[in-house]
Amino acid sequence: MNAIIISALWGIVMMFSGIVTDKKSTIRITAIIGLVLLLGVNWLDMTGHHLFAIDSHKMLFFDTFGLLANCIVFGSSLLYFLLSGRDIEKVGVNTAEFFALIFFVLCGVCLVTTFNTLLMLFLGIEIISIPLYILTGADKRNLKSNEAALKYFLMGSFSTGVMLLGIAFLYGASQNGTFFIDDLGVGKAALSPLFISGILLLLVSIGFKVSAAPFHFWTPDVYDGAPTVFTSFMATIVKAAIFIGFIRLFDEGFGDSQPKWQLFVAIITAATLFIGNLTAVFQQSVKRMLAYSSIAQAGFMLLALLSLNGIAREGIILYAAAYSLATIGIFAILIKMKDYTFEGFNGLAKHHPVLAATCTIFLLSLSGIPLTAGFFAKYYMLSSVIATGKFLWLVIFAVLCAAVSVYYYFRVIQAMYFKEGDAQTLDQGPAFRGLLVLVAALILLLGVFPEALIGKLYSMIYTW
Amino acid sequence: MHITQILFWSLSILALLSAILVVVSKNPVHSVLWLILVFFSISGHYILLNAQFLAIVNLIVYAGAIMVLFLFVFMLMNLNADTEPQKNKWLKIAGVIAGGSLLLVLVAALKNADMKNQLAEMNTGSIGLIHNLGLVLFQEYVVPFEISSVLFLSAMVGVVVIGKKD
Amino acid sequence: MPINYYIFLSVALFCIGVAGVLTRRNAIIIFMCIELMLNAVNLLLVAFSKMHHHALALTNPNAGIDGQLFVFFIMVVAAAEVSVGLAIIVMMYRNTHSIDVNFLNRLKH
Amino acid sequence: MIPVLLIVIPLVSGLAGFFMKNEKSARGWSLFASLVTLVISLWGLSLPKGSELLQADVAWLPSLGSRFAVGLDGMGQILCLLTAISFPIIFIATWRDEYKKAWNFYALMLLSQAGLMGVFLAMDALLFYFFWELALIPVYFLCSIWGGEKRIAATFKFFIYTFIGSLLMLVGIIYLYSHTADHSFSIKSFYALHSGPGLKVQDQMWLFWLFFIAFAIKMPIWPLHTWQPDAYEQSPTATTMVLSGIMVKMGLFGIIRWLAPVLPAGTWAWGDTASALCIIGMIYASLVAIRQDDLKRLVAYSSIAHIGLMCLAIFATTTTGLQGVMIQMFNHGINIIGMWIVIDLIERQFHTRKISELGGLAQKAPTLAILLVIVALANVALPLTNAFIGEFLLFSGVFSSTATTYNVVFTVVAGLSIILSAVYTLNMIQRVFFGNTNALTEKGTDIRLNEKWVLAAIVALILVVGIYPKPVLDLTKDTVETILTKMTYSNK
Amino acid sequence: MVPVLPLAGFLINGLFRNSLSKSLTGLVGCGVLLAAFILSLLIFGQVRQEGFEPVIVSLFDFISVGKLHIPFAFQVDQLSSLFLLIITGVGFLIHMYSTAYMHEEEAPHYARYFAYLNLFVFSMLLLVLGANYVILFIGWEGVGLCSYLLIGYWFKNLDYGNAAKKAFIMNRIGDLGFLIAIFWMINQFGSVTFAEVFDKAPGTKVAALTGITLLLFVGATGKSAQIPLYTWLPDAMAGPTPVSALIHAATMVTAGIYMIARSNILYSLAPTTQTVVAVIGLATALFAATIALRQNDIKKVLAYSTVSQLGYMFLGLGAGAYTGAVFHVMTHAFFKALLFLCAGSVIHAMGGEQDIRKMGGLRRYMTVTHLTFLIGCIAIAGIPPFSGFFSKDEILAAAYSKSPVYYIIGVFTALLTAFYMFRLYATTFMGQFRGTIDYDRVPSGIGGRDEGHERSSHHLHESPSAMTIPLIVLALLAATAGFLGIPEIFAPHAHWLEHFLEPVFAGSEHLPAVMAKKAATEGHASMEWALMGISVAVALIGTLSAVFRFSSKPQLEEPTGFAKVLANKWYVDEIYDALIVKPLDALAKFFSGFIERSVIDGIVNGVGRLVQYGSRQIRLLQSGLVGGYILLMVIGILVLFLVELFVKK
């Protein structure tokens, strides 16, 4: 609860900060303070100190899983601000508003990670989406940005419609007319075709939000068209958060009727892995490649949805962290590049060794090489599925896709290290580099001791 | 045949027809008008179902505010029939087929729902009345209600950001 | 009224909306069709709420009221979406003097 | 204790190496580090079996049931020794090679050494996988930064190839892990699998391939070998030595430690198929080697043939055969490194590896010629060279194998490769060293002292092991017995 | 022990090639051999005493794996001591000879030569002294290596290199057989030590024994140049002549005979193999003899005669006359070494010329060589009382006792032998000197004939004493050695060699089957006389006809018809080339050219390309049109529902 309210409030604060001052640095710093505050209150929530005594009538349920996810989200957003905050200012004049919108998104994220009724899920997703439409189109002069915004908006609202139909079906199927996810599929409701149809429609619409094939088509265009700094935000934090919600819904809501829908998730997962990885191979622009890679990564995260077990829950948290960290880092570097194509990276290692080295670590993490967080993320996903004992074909397929992914990730590494050229970058301060190194170090740490995240936090909560 | 049934059928047919006309009519303004008609018929259904509050809100919000907004935009861009070039035929057909088959599939999926005995209560029951709705809305649903304000806020900010000339 | 009628009616409306989205290329019309879809859902929800109320009125006088409240929230969201959407469309129009979605193909492949 | 040192010293010194921005010091530093490693491995050798100094086991990922467990058994000893010996030799032999940003080069070399050590020491499946990859990454960079002109494509192929393999292996590892009784990655619980109820026999059938493909790509076994000649040809010689001398052994090692004892039924069932692949590979590679004009490619193919024989002997599941594999892994490493050194010397002098462009070197560089001839004869397993011991044991192991009904056929067909190896090796010697000098080789000179000493050391190793192999054989005796008992468990 | 000395010599000469002076190297080379010879004489002395038991000296554990234990052990008994004598003795003489023959080489190569030679002697000793098959095999491969090195001694010349390679590879083929035999033994007997193997042998079933013995014989054919693996030996003549004398006549090539004689028990137990051995030996003898008829290269003739003589020995082995075979090995070692050395001195004199058509009438210029050569010829032709007669006759007798056919062919071969040997003799030493030595034909590098240039026919001179002395010694041996094995019928129990070797062959002598055969042959004294008479007559016929035929007008014209076939060695090399080398090469080309590049690598890269292609195609879905996207989404929904409706049911 704390986080939700604070984030909403801080959104308003940001709005007015634009009026109070027009020194962008102050605005940025306020935003950063806000995030730190968010982290803090969320922490308090975890340790059981609730600032506000509000009865949400069980519509929100603050369990470890959600709050932990919040931590990840806020943490990575903090990193995001620190790394790319200056670039937000570069997008347009309305810096304060952008920050405000981002905070509203975070508020939605909190809802999505802790919802307990479909209504909250719906509201959360909408609160996430609407500001994102705006942010996508934030670069108003740029036609690509406009186009992206419009596409995103149209398809997004379409998927909203689909989701609502699904919700309606579920409501119809439910025993006693309720939206609470934990008594949706109880009793003979589970048998009703309305129920399964509703699940399918929800699968589709939320799959759309996490860009699961074949509902991913918006992703490349929107990510490509949106201002890179916001692409980074969308591709990492938002996506991770919605995944948490996804898992939450299917776990709490439809966990009992898993066999009914597992097959569909498997199909979607396979399709996502296939399309994401395969299409990324041929891209010429790193930005667009990253868009497709985010699809591919989503495919891997869907494995957790396929096998809803303890490993999957831990794994999705770890994956969210690993994926967000790495992708934020890469995007932060990408923003600094003059040329977004692969050629633009040629010879980066010679001129900016730090950037190249950190970027390499991020890429390795994304491709799931051991010693990086990405490996354990993928490891958890795979082992969660293997633990179910079913869908081994999917595991093998995923593994092969991962091998394909190495191809396009390493193209960047090759460009940076093995190709001759002078990669043009914008100026970046030592602080920026330092942060990059920090992130890289964090990834390596998670790669060697993943329990630093999972084990410690869980134990901390249980001991309390 | 009971009056409610007559009303139900006529309203349904009206809704469907005007919905189709929304889609097919060349002139965007016409389709706006047809859409308004759809809304009206749907509100009629609400009334049949004795959900007066929603019926009114539907009329005010949709038929009133939103549609007017649409009309304004159209006028602003003064678009008319010939401004919209025709989409290529095949995509059109594909679209229609897709929509139709979606309908088929959904119906097929739902037809054997054992809901023959399930009845939607007509023109009785008090849950649709403002009094009850209000009570529940401001007791149980106060949190989402407040949160929806965040939604509005963000929408507002967004529109400002987008619309403001800089 | 049997609930099936309402189900089929609103599904039909929904699908008409979908067909509209697929066939038209005027952004606003497409958007209207989406609104149509939403309304179909609203109708369905109300019908369901009444169904539940009919089934459970004895135990709980407020049974099924959630559905109608949900519809209320949907309207809220729809309103917000409309404002944003129209804003985006207008912005688009400012830059390209067209709201034809088929011209939105700078981003592809 | 010792295992940890063996891993940590190269690792740390390698990481340190990145920061010394001076070629000379980097070179010296890495040589020093590798020598220290060698000393430590020798110390390990001197200790009695089962001394607790040879084991180390620290908690790593308790929730995953994976521990940082490393240990030196016979096989580990011999392979670590090989690794520890090879690196100083490599460093000295390539002392004169020039690299741009040499410090990075040496640092990466040391990192790969750490990875290799880890692979040979790991007693925990997940740890094993970790080091398996860790050994791969530095080599990838080494090859693609300092390699030949077609390096990027070649090494990339190599990387993807091996990566696919290791991912499949990862799936297999996880599957086994999920079936262990105590949900742990430790080698003991893996060994306990096949005797316990956890793992069904038909599971072993397909699990076998998950592992075998990974190892087969590494070795490589026909037809998964095509990455190898390109990679060898393109990568800098020092790296090629690591690749062919040591990394190749990872595959064999993997089969012996992680495949055969863990999935005995699968190994038993697929043994013939695998052996057939090995044999096809041997003959095939030997024939292809005859046609090669590039020295590196020739050695690459001959290495494929030799590895094929060792792999064949593993599936023979006989004491003799396994002992042969153990000693031959060591020998092959030494010999092939010797070959590479010679090739490197030639290339550095004449800037070509084309056999057709060379000739008559024996007149210009008699010492080189003689040393090469000895190494080459070891390559064709002439008696009193180390390889003879190995191949003798391998062949007799295969011949006396009861695991297959085709043991005689295997022996005979595989034996043909002895003849073929003589053919291509002698061809090579003759066309490179004998005959008259040509314009290119006219101004050839003999080798320098340091090179002479390195080669001499290798030759000495070859002969000593060739004449008195007992210590080496005794070293691995126990390992072989334990492995065999595991392998034959399900068939008793 | 004996072998250490040559090894030491090898090491000294090998390591200090550059520092040592030529005389010193020669001294070391010969010295170690002389010492070794003396040592072996002492050993021989001990062995000769009655009731001498084989001594087995086990140095250390060579290979010990599981139940298999292979010690690095030596065994001294009658057989090995005899071979010791031959090797060290003949070896010493030839070393001595070489000091003069190779004198023109510059120091390092000179040293290299002696190093190789010593290494050879070392491994040869290893071979004969080994107490088990593995040690035997080590020596076996070692001598192969040395012959490779020595044949390719003049490494500048690629043809020599090729000859060396051919020799090595052909030996390898044989060795493979040998190896497999060893593995089989390990499997069968669990040991490779002679003693244990022979003890266990009688118990085992014949099939296994036959297999083992046949495989061993394959090894022998490789080493001892029998059909089908004989073709390397004539080519091996590319090496320096002393080498040909030592390795390719006296010692190495007889390794096969030694090995079979050593494992006589196994063979006696496997009659099938014996027959095979006999037949192959006979065939080789005849075949090589026919080829020798038409060779014009002095060394080639001798080479083929060697092959043919080896054939004889195998015939003997096949016929169970192990003593005879060994006997013939000994005598052959003497006279063939003699012949080669003579040839060497001739070549030396002729300035590297090897074509007998360019010689003739040499008896006038080089008397010693001439006489010794004559002795050698007589010996090999088998004319009593020279050594060749006794040994050959013993074999023939044994052959006859097996089957008359063997005997007849054997005798015919003897005829041929006498004929071509004296053809050689006649063309070389009698008649007029035909040689105008054009020095360009001097194969490059053969002992760098610098001073040869100012030499013409009337400068032809006798070789230096270092060369002639060995000739004389060998000639004496060749003449007299025969009396070590006088047939029973001359003087009962005078067959000294048989008694000497008795303990070695006792095992097989007392096998019932062999006993029976012996009995059969006993007491046909008259028959034996007859046989001897025949062979002597035949030998004489051959000799005389040849002498008369060629002494006056040697055949210089190009051979025609059948003779051409003979001159071209039955085109065997060509046939091998067409049957084995070419196809193998083609296969290799096919693999490396097509399969490797196109098929396997093609598939690998093909997968990569497929991914690329698929990516290029799939990204076309990303049409950029919202309508298209939503359409695809709807289709996706449809698919899901269809699965729900139909597939899952």
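Order of writing sets the chain letters: A, B, C, D and E. Residues in each chain are counted from 1.
To be clear about the criterion, a residue touches a chain if its C-beta (ideal position, glycine included) is under 8 Å from a C-beta of that chain, and two chains touch if they have at least 3 such contacts.
Everything numeric in this text was worked out from a predicted model, so none of it was measured.
Chemist: Which chains are shared contacts of chain C and chain E?
Modeler: A, B
Chemist: If you count the C-beta pairs in contact for each pair of chains, which pair comes out on top?
Modeler: Contact tally peaks for the chain pair B-C.
Chemist: State which chain is most central when centres are taken as means of Cα atoms.
Modeler: Closest chain centre to the overall C-alpha centroid: D.
Chemist: Could you work out which chain's C-alpha centre is the most distant one from the centre of chain B?
Modeler: Ranked by distance of C-alpha centres from chain B, the top chain is E.
Chemist: I'd like to verify one number: the distance from the centre of chain B to the centre of chain D, where each centre is the average of its C-alpha atoms, in whole angstrom.
Modeler: 71
Chemist: From the mean C-alpha coordinate of chain C to that of chain D, what's the distance rounded to whole Å?
Modeler: 66
Chemist: Nearest whole angstrom, what separates the Cα centre of chain B from the Cα centre of chain C?
Modeler: The answer is 6 Å.
Chemist: Where the CA atoms of chain D average out and where those of chain E average out, how many Å apart are those spots?
Modeler: Computed value for the inter-centroid distance: 38 Å.
Chemist: List, in ascending order, every residue of chain C touching at least 2 other chains.
Modeler: If we look for residues of chain C contacting two or more partner chains, we find 3, 7, 11, 14, 17-18, 21-22, 25, 30, 48-49, 51, 53, 55, 63-64, 69, 73, 77, 80-81, 84, 88-89, 91, 101-102, 104, 106-108.
Chemist: Which positions in chain B are in touch with at least two other chains?
Modeler: Where chain B meets two or more other chains at a single residue, that happens at 87, 91, 94-95, 98-99, 102, 106, 109-110, 113, 115, 141, 144, 148, 151, 154-155, 158-159, 162.
Chemist: Give the residues of chain D that touch two or more other chains, as numbers and ranges in rising order.
Modeler: Where chain D meets two or more other chains at a single residue, that happens at 160.
Chemist: Tell me, which pairs of chains are in touch?
Modeler: Chain-chain contacts present: A-B, A-C, A-D, A-E, B-C, B-E, C-E, D-E.
Chemist: Any idea which chain A residues touch chain E in the complex?
Modeler: The contact residues of chain A facing chain E are 150-151, 154-155, 158-159, 162, 196-197, 200-201, 203-204, 208, 213-215, 217-218, 220-221, 263-264, 267, 275, 278-283, 404, 407.
Chemist: Residues of chain A touching chain D in their complex?
Modeler: 364, 369-371, 375, 379, 382-383, 386-387, 392, 395-396, 399-400, 402-403, 406-407, 410, 414, 417-418, 449-451, 454-455
Chemist: If we count contacts the way the header does, which residues on chain D are in touch with chain E in the complex?
Modeler: 157, 160-161, 223, 225-227, 284, 287-288, 290-292, 319-320, 323-324, 360, 362-363, 366, 377, 382-384, 388-389, 392-393, 395-396, 399-400, 411-412, 415-416, 418-419, 422-423, 426-427, 430, 433-436, 468-470, 473
Chemist: Applying the document's contact rule, which stretches of chain E touch chain B when the two form their complex?
Modeler: The touching residues are 627-628, 631, 634-635, 637-638, 641-642, 644-645.
Chemist: Could you pull out which chain B residues touch chain E in their complex?
Modeler: Within the complex, chain B touches chain E at residues 87, 91, 94-95, 98-99, 101-102, 105-106, 108-109.
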